[in-house]
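Structures are listed in the sections that come next.
Both complexes below contain chain A, partnered by chain B and then by chain C.
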Partner chain A sequence: MPDFDVLVLGGGPAGVNAALAASAAGLKVALFDENPAAGGQVYRAPISSAMPPTGDLLPGDALRHELDQSAVTTYFNHVVWAVTADYRVDAAGPAGPVHCSGRALIVATGTTERVVPFDGWTTPGVIGLAAATILLKSQGILPGRSTLVAGCGPLLAAVAAKIIEGGGKVEAIADIAGLGDWGRTMPAMVSRPDLMREGFHWVREIWSAGVPMLSRQTLVKVEQAHDGLHATLAPCDAAGRPIAGKQRSVVADCIAVGHGLTPSSEITRLLRAEHRYSRQAGGWIAVADQDGRTSRPRLYVAGDGAGIAGAAAAGHHGTLAGLACAIDLGTHLGTHLGTDLGTDAAQLRSRVQAARQAHAKAARFGRSMAQLMALRPGHTDSIEPQTIVCRCEDVTRAEIDAACDAGAHDMNQLKAWTRCGMGPCQGRTCGDVAAELLAARVHGGLREPAGCLSARTPLRPMTVEALTGNFSYDDIPIPMAAPL
Partner chain B sequence: MNQAMTTAFDVAVIGGGVMGCTTALFLARAGMRVAVVERDSLCRGASGVNAGTLTLHMTRAALVPYAIRAWDMWMNTDAWLGQSVLATAAPGLSLAFTEHEKTLLQQRAAARRGYGAQIDLLDRDASLALEPGLNPAVLQAAYCATDGFASAYLTGRAYHAALREAGVHIFEQTPATRIDRVAGMYRVTGPADAIHIDATRLVMAGGVWLEPLLAMLDIDIPVKTLVNQLIVTERMPPVMQSVLSIANGLLSMKQFANGSVLIGGGWQGVGDRVRGGVETVPDNLIGNLRLAQHVIPALAQARVARIWLGLEAETADAMPMIGALPGLPDAWVIGCVHSGYTSGPYMGKLLAQAMLGEEPELPLFDPARLMVPVEALAQPH
Partner chain C sequence: MLNDETMRIDNSNRATTIRFFFDGQPASARVGESVAAALFASGTKSLRASPREHSPRGMFCLMGSCQECLVMVDARRVLACRTPVADGMRVETVPEAGINA
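Now for the complex of A and B:
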């Protein structure tokens, strides 16, 4: 017997709202997240309550409060390392290994930040925009006394503004996108005036601080020197490729750089749901209907992990997945949702309509932002041969190209031939860029035939002892000996 | 591809694992025009995803003479493959922690010694002297110098380059959908009728897919699919220098030069030849890791980076089938070799010898013994 009706993986806005919606419909719900509290990346909770409140705390606190008041069983500080076809979830928590199973599974695992490699990107002091966000939001720590913020997308302004608010210095913001790219987002932006206001608020802070905002500029090199990190910025074209023109040098002790987000689709790939590649959505995503139903029965995806659309949309998408799950399980379980199932079902459907409308509005905004940070082919193509692409295993662009030329034609073959993606990041850092390089070299730029790295357990690297727990030799169930 | 492509070869090898590729390599070097037809990429089913153990401790006793010769081939890939799979010689220790395992260890060591494996028994202190990181609860170890490991994931790349250099035509992503006799040749048809490969000789080397492949030739030989679980850790400081196994054969473990530790032993996952390796079974993973941690306690702090599954083929008597297919001219089969990665290249070399009309150095394994007789098929169940 399953322990729960629904297991929700991920405690960001999508996961929490999915859990709340399913729970409100009468389902028994458990939610897992590796962080100490709900909120995900955008509504991340501070570690200490002594930290001054920032703008993002309000919705995050509301989310956490609602979850606390609900009947949802939460497993925070639990790292999920395996999910099986019968929806058994194995996790390692502070009290050791736990596992439970559900009739349905909602995957709301968010995204991974993408960094397109450049000369010196592995230098200490070069961090992701998302990493800077974690430092600022959860610990109130500046990433450096002075920081260069580079890359693309709305995180540039968000990170720069938070550094300024925290009393830090931003040397410059280098944005690959041009003003025209931003201009094209305006029609979508007005769909969420509240979010647009937040963005303008950031920009005002940046202007007031006198931070140079450079558009169509890309980071091409970082070197360590006695007085800090020396970054070289070059003008680039719309495809993200550096072009001839005046380069500029910026000195800072931290460089926060990010080139967009890729959906974390490992779990749905592990479960062999159908997937497709979408450059706009950030990468490989599960094929799903508008409420998050995948090709696999009782498996749902919600939030940015289902395709980048932003935190506001993720919340509504989570509600939709939770409701879809309640409707499907209600049908599946008959009277499980109470004696008056007919009324409940009708209520659920009207909530679905409302959530779909709210989601559509928020997603329009979020997708226009996602557009700004979609992977640009010229950008990956301009990676220098000697630049490391897979930083866990020190695999360079030249080695990837050589493997492609020797006949490697998909990502798993490339991995075996070069060790690209075999290290502790399990391919999360390099996978998207390596696939882009392989697709360009072997498949005329098409990502589908290049495939993606097979999802594997453990979903995060785990210590052996976290998995083995306490045991004695006699208790190990030894299968029958191999034939002599 | 809309247009059917027809090409004529001296031999078509169906299945691009170690055995098929080695057979192809030696035939091509003997002057034949060879095609390797592989459903996926070379060495992706078993040959590139196994534990890479090159050991006599886990080889079936009767295959020890083959494994010893194959071990030499692996350690000298420069001489025949031309590409490295990082084959490394290291002592092999098979361990006993209980009285029952001690008995098992002695029986198994004696049986393998009977076939030529130089295996000596070490007591607790000698075992710990050789491998200081061992759990001191060890009672006895069987020691063999003919042991070691390769980085199996490099196998596909190595054979790809070697076959290309030898002029072998590699058809990857080309599952054979049917095989016909056309004008005295074998015609292998690829997916959607897009590829036809005609060849005078046929080698069936399809691993766990041998059963459906042989059925295309109206030969009925059951082949069982084992779904073996493999675990690799992140790089870590040295914790072992030998290849470690347990008397019952359900653990294999070694640390590569880069510091990562590979843990296997044949614990089963979920999968089959239609779906491949589908998923790991958490309890089997935990069991396998507990065994590993029991043997080398320092592994407690290792971080598991990745778990995957490889498919192993087994016949009804768990012995190989290598030789001419009965009733068909110039058709051969190779596969189902227990610990097949260890022995694979030598088996391929032997089959190539037989196909070239030479006397194989060691006897082949007649597939006829495994055929389900037609009468048996005709009987009602």
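Now for the complex of A and C:
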């Protein structure tokens, strides 16, 4: 008998709303997240000493409050390191290992930030845009006295504005996207006047601080010098490839850079659900219906991990997955569980209709932002041969190219030949870019035949101690010796 | 609004400052800060060296994904970005990949 009806992995807007919807429908739900509180990366709770003094409600507070008031069992500060085909979850928490099983599994694991490598991107002081957001919003710390903000997507303006509000200096914003790219997002922006206002507020702050906003400029090199990090910016084309023209040099003590987000699909890949590649959605995603049902029975995906559509859409997508799960489990189990899930099916279906409409509206905005952050082929193609692509194992572009030329034709072969993606991050940092390089060199740019790195447990590096917890040697079963 | 020495955005002045050590050198943090954030704010950005090229590495993603900020706390391997500072905590570089390895 499973411990829970549903296990939800991930406590961002998608996971929490999925858990709430399933719990409200009468299911017994448990939610796991690595962080100390719900909110995910987008609504990450600030540490107590970085809280605003007025006690203003923050985005995410409502989410956290609703979860607190619900019947959902929560496992925060728990790192999920294994998920099995019968939906058993193994996690390591502060009080030791936890094992739980569920009839159904909802995966809402969000995304990883993509940074397309450039010379010197491993230099300490170069951090992701998402990392800068965590420093600013959660830790109450400026990334630097002076910061260069580079890459693409809406996080550029968000990070720059937060630095300025915090009293820091932004040396420049270098955006790969051009004004035309932003112009194409206007129809979707107009559909969300609230978010558009927030965006204009950021731009106003950046303007009044006199920060240069450089469009179609890309970061090509960072060097450590005695007075800080020296960054070189070059003009680029629409494909993200540096072109001839005047290069600029910027000195800063922090460089925050990001080139979009890739869905974290390790768990659904581990469970062998069907997947497809979508450049628009950010990478490899589980094939799913509009409510998040995957190709595998009682396995659901929700939120940006199912394809980038933004935080607002993620919440509605989570609700949809939670409802889908309640409907599916209800039709199988409602009668013999003696619950009223079956009789409530009509009510659940009407909630589905409302959530689908809200999701479609929110996703339109989120997907237009995602388009600004989609991987640009010219950008990866312009990575220099000596540049490290896999940070964990120090594997360069030239080594990847050499392996491709020697016959490596998919990502797992590339990994075996070069160690690219074999290190402690398990390819989360380099996998998308390495696959793009392989696809371009071997498969004429097609990503499907290049494949992706096999997901493996443990899903995060673990110490043996974290896995075993406290145990007595007497409890270890010793098998009988073979009768020879 | 900004404490220029510590890089901390000063919202409240009510935070308690605690002390900890990185490779024996004293450092300070506000209660609740992660080891990675507190060290970054104090200008300590290199935390280890890469295994093959021995080039300096430090915190990068801050959310437990990239594994670049691996350090030792109480003889255990932990990610600096997922470990809140405790008063008097002793943080060390990982032995086999020290900065000067």
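Just so it is clear, the second predicted complex is superposed on the first by the 458 of 484 C-alpha atoms of A that agree within 3 Å, B and C clash if a C-alpha of one lies under 4 Å from a C-alpha of the other, contacts with A are read in each partner's own complex, and residues count from 1 in each chain.
Rule of thumb we're sticking to: a residue touches a chain if its C-beta (ideal position, glycine included) is under 8 Å from a C-beta of that chain, and two chains touch if they have at least 3 such contacts.
Fair warning: this is a prediction, and the values are worked out from it, not measured in the lab.
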(request) Check the residue A:272 against both partner chains and state whether it touches chain B (first), chain C (second), both, or neither. (result) first
(request) Tell me which partner A:423 touches in the superposition: chain B (first), chain C (second), both or neither. (result) both
(request) Scan A:478 for contacts with chain B and chain C and give back first, second, both or neither. (result) first
(message) With both complexes overlaid on chain A, does A:59 touch chain B (first), chain C (second), both or neither?
(response) neither
(request) Identify the partner contact of A:2: answer first if only chain B is touched, second if only chain C is, both if each is, neither if none is. (result) neither
(message) Applying the document's definition of touch, where does A:178 land relative to chain B and chain C: first, second, both, or neither?
(response) neither
(message) A:467 in the overlay: touching chain B, chain C, both, or neither? Say first, second, both or neither.
(response) first
(request) With the two complexes superposed on chain A, say which partner A:88 touches: chain B (first), chain C (second), both, or neither. (result) first
(message) One more residue to check, A:378. First (chain B), second (chain C), both or neither?
(response) neither
(request) Under the contact definition given at the top, report the residues of chain A touching chain B in one complex and chain C in the other. (result) 423-424, 461, 463, 465
(request) Sort out for me which residues of chain A touch chain C in the complex. (result) 34, 41, 47-53, 79, 112-113, 122-128, 130-131, 134-136, 139-145, 166-168, 388, 391-394, 423-425, 428-429, 460-461, 463, 465
(message) Taking the touch rule as given, give the residues of chain B at its contact with chain A in the complex, in rising order.
(response) 41, 44, 48, 58, 60-61, 97-98, 104, 107-108, 111, 137, 153-154, 156-157, 160-161, 164, 170, 172-173, 233-234, 248-250, 266-268, 270, 278-283, 285-287, 289-294, 299-308, 318, 338
(request) Provide the residue numbers of chain A that touch chain B in the complex, in ascending order. (result) 82, 84-85, 88, 90, 97, 99, 270, 272, 403, 406-410, 412-413, 415-417, 419, 422-424, 426, 454, 456-458, 461-465, 467-469, 471, 473, 476-479, 481-484
(request) Within their complex, state which residues of chain C touch chain A. (result) 1-2, 4, 7-9, 11-12, 14-16, 30-34, 37, 40-41, 45-47, 50-53, 55-68, 70, 76-77, 82, 84
